[in-house]
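What follows is a group of structures, each given as structure tokens.
The same chain A turns up in both complexes below, where it pairs with chain B and then with chain C.
Right, the complex of A and B next:
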């Protein structure tokens, strides 16, 4: 027969058993054992390797938390991020680029507190980066660096035609290009549907002539202007008088290959050409240099492509993820990580403006200088979904490409204006 | 004689078209092979004749095998392809047979449904599929793709096999039933052997599709040691705007060997089955 004592004992044991998983869960939350970071694989392999082989083990040794690293193929990060945001599962810490913090605003944790701390410690953030990572006054990612798009050119061939310093203006570059093409060293700027080297020079060209696609309000389409017409006319001459004909079908790979194959004397690219040249073509590396995009009548511009890290809202232990980012963005770690990146990423913290990583290779310095004049895609329009659609549909690229093909300036602008009105739902 | 009696006729009607198709079919493999053994200097130079290798090197193969998990990716790919092909063939045959041979209400609608399922594009499915995989706790395991690939391959195999099952005369099966075979035995011993070319076609296509699949593998397999060859090669051999052409081509060439072997093993049997009669040796 069951006594009252037996009943109490059984009840206590049963209650304890029922509560045990919850208690264990709570304890588990307080002691997160692992975090995972997902990133698009870096062009600089050493940058990825340093994270995996040095930084992650150091953090594990320090805190006991294992930091996993998932590399996603180039071009696959947006698909991965979309899946993570939609299914609310996957790595806790995520790589962001271009305008992704705006696209995935709802899925990213507010890291303003962390951004404030890091900024205070490391000299403050460059102002323009805030346009792409701050959404509704909240920091949605912590940027670590910009992948700049600059002019890459052959110093020896430019000297052959009497140009000893890279031309300051687009018109001067056109004049140099004419001479170089006659000498058998044409230019090769991507005008096809690649992922970066097309917009990398076309937006700066448009902006430097005073042209804009859409106003800051995101509702007023501004592309149909005399400034745009001047930029289009220049682009047509630039293509016809200086370039290889097949650039109209190029993607980002082609200009690298053509430059290293000694087919072209100048292009617009990140520093990857020089990095590969140093590794595989040392004699080409010796005569390769970088320069800022040329000035136009209305200034000099570059494209902003801020790379950063954010925390997904579904992360079970957001505090642990923040603690890791706080540690990673501490100068002791960030400084070494950026150095491993061989100055491929220009940091957005003023504390790194004179970082020793810039001294190893002075030819990367223009990438740092370009930050001051860098603007996000579709600037000055809002950096949201419409901007992404605009870029994905190659509105600007096609406008310039059709002009290069021979279409009338007013026709290509009218087509672009119609597309932009549809994308931005403007009148 | 095929192509004609005279040598000139044969050259014109047989050897020339054959040669043309041979070149067209083998050129991609030749291109892969020579690219994989060219040093970078030759790969990039526009001044060097691209169809010949001047200074062959195996460096790209060495780098591929030493610096990446290529052998692991190959093992994963073959394992996934074999498992999914077997599962898809068995289940595909089990769907196709009743739809082709049994008269039951709604069979036509189900048959159309199977074809329609095959036509649903992957980009529509990968997010819900990803949710299911995560709920099952299968992310970053080969089981994730072993479970999801059959969703594409079963409708494909069933659709292909239905046609083959329909082509086998009913009388053969009825004769087997009269002789005492159950319906299952009649299917197993009479219909299926006659549909061997169909099973082989479906198997080879399913294997190739599973081996080449990219989107699900990209989404579900994010760790290097569980990746398949297509995703592993793209992830680790394309960095920014720089393609490691030599290693990529080496990976593509080595990756195509399993399919080439399977084709070469089965091609004779496939052709023999295709041309064999059901009532005559």
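Right, the complex of A and C next:
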């Protein structure tokens, strides 16, 4: 480039070239030739691979529509969804989890018709999932399965201390943990700021002692109760007598790493630990098992984390997106996809209650059983924006964490109560 | 080389000749604006627009993917009532002040050492830049391993050297977690100080040191009366940048602790992100992000005024 005139000419041409496709696209709407889905990467690689290498090509062969797949790193989907909803651009078909259909209600297309069709064909939907995907009587996502958070433990080390069956109650688990810690096999339950493995056991612990954060009306804060105090006191003992100090700073990767590093004998996690152990640490896999969360004085609970797919309202061809979901959620496809997922996702369709995928590995069965006692985060409070704020601010996690490090029970509950009152705008 | 005035360099437009775009852009005034416009547009799009949009959001009760309602300063008032916000404020100041001080002292020491003549000096300078070059997320993941209770090389060294009897919980203990993130920030930011101060050191004429040495000045006196005064403007500028980067640090604490344990390492940026992007409370998140502004503005204005006075 020799002169300023040359420089300007090149710059103008480059700008024009960059804008040309957009201007051309605006001139007329083309027939849908492609759709894009965005999903958080699955811990089960075969699940993602099956979608990309088998299902998407099959659909393209059938309809001529290419289905792209954008993977988001684990824990990053909510941020991606927020950006997409705010900018009104991005993939048309999106992954939803936890309570996101409520958060993005206005950005998601009503898929009640599809949900009705799928439900009718496959034995009907489990009732509890409707709480997280149905907003104002409209289905905003089609769930494909739950990621359960259960107890993952070392059968050999439990046997060493005379525990041959996983303890039924939290108190019994504490007793076993004391013995195991003395033997050099502490427990490791996440009490830090991760995205799932902390709430995964803390909500069930609170609920099983009868504690609740907020009432169904979303206005009455219930955390300051004797039931919560009992759960907090238990958690402090559970931490001090069975765990590593480090769990207070753990995020979601740490307990997987610690379990597979043979550092801990029990944690709360999805089945991904066993899946990875089978692949990379077969000796550990042989002595790893799962169990339901223990019972408390007021029952047994698990958290609900329904994974689903929804359609964004900005999708240029919503009918094409719906047609794809109709095809994907047909038994011919969904059954194969779930099987590829190695029973990591527990489906919410009664037609799959006895799906053959559960027969391949009996150790995954508790994840299916846990559906009956699964509740959404912040239950029984409403599943909406306030629940998200509550979870994102780690109100419950920090209440337990502060108690574990030695703060007084009444102080940590008072702090949590004040935060919840602000979040739920309660008196 | 003699430079001709612009009026001589450009021929005057010929009367009646059609307007030519090429000639217009050849004019200094037009051309300089053309060169400036991309930069200005870039700043408007990526700095000014987000900044003013942030202010706009902070004055609204605005949940993600829904319309907002104007609430004035209510978000800021709510933050003032939130004990976690004040904890985050304390954390941010402790983190910034301690990390900046350590980086300043360490960076100065680093600069003084690599300013000396020794074999492999250039190689040493290149290696010292590595922490600054490696992407933060990548190096922070490495630090997760270094600070892991079981696999930690630090714990292993301390245990095997007999200095301690049990492993430290670097990220599980609230004090050690803060020490850890300050340590990692220092590791990453030290080269920035070191290299910038080295550039400052190299502007000092060796004659000054020689004269001082002839006059009997000790090493400490030479450092105090020659090195420090000459370096002061550079030191102030580099400190200003470092404070801004450290105050608004996000990647490092977010990856390493995500603000835990129990908010002990949550900083303005990480907490604002959680509130805005994870909780979906965009108005409050924006308000919290803007809460950084007054402290940074006071610091920048103060340092700038000081520099001008100097």
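Here is the rule we go by: the second predicted complex is superposed on the first by the 396 of 427 C-alpha atoms of A that agree within 3 Å, B and C clash if a C-alpha of one lies under 4 Å from a C-alpha of the other, contacts with A are read in each partner's own complex, and residues count from 1 in each chain.
Keep in mind that, in the parts below, a residue touches a chain if its C-beta (ideal position, glycine included) is under 8 Å from a C-beta of that chain, and two chains touch if they have at least 3 such contacts.
This structure is a prediction, so every number in the text was calculated from the model and none was measured.
Of the two partner chains placed by the overlay, neither chain B nor chain C lies in contact with A:164. Of the two partner chains placed by the overlay, only chain C lies in contact with A:418; chain B stays clear of it.
With both structures placed on the common chain, the touch criterion links A:72 to chain B but leaves chain C unconnected. Look at A:389: by the touch rule set out above, it reaches chain C but stays clear of chain B. Look at A:192: by the touch rule set out above, it reaches chain C but stays clear of chain B. After overlaying the two complexes on the shared chain, residue contacts for A:261 are found with chain B and with chain C alike. Of the two partner chains placed by the overlay, only chain C lies in contact with A:247; chain B stays clear of it.
Of the two partner chains, chain B is the only one touched by A:272; chain C is not. Look at A:136: by the touch rule set out above, it reaches neither chain B nor chain C.
On chain A, the surface touched by chain B in one complex and the surface touched by chain C in the other have residues 79, 82, 86, 194, 253, 257-258, 261, 263 in common.
By the touch criterion stated above, chain C contacts chain A in their complex at residues 22, 25-26, 31, 34, 63-66, 78, 81-84, 144, 148-151, 169-174, 177, 257-263, 274-275, 277-282.
Interface of chain A with chain C (complex): residues 4-5, 8, 78-79, 82, 85-86, 103-107, 191-194, 244-251, 253-254, 257-258, 261, 263, 385, 388-389, 391-394, 397-398, 401-402, 405, 415, 418-419, 422. On the chain A side of its complex with chain B, the touching residues are 38, 41-45, 68, 70-74, 76, 79-80, 82-83, 86-87, 89-91, 194, 196-197, 252-253, 255-258, 260-263, 269-270, 272, 276, 280-281.
In the complex of the two chains, the chain B residues touching chain A come out as 40-41, 44-47, 126-127, 130-131, 134, 139, 215, 218-219, 222-224, 231, 234-236, 238-243.
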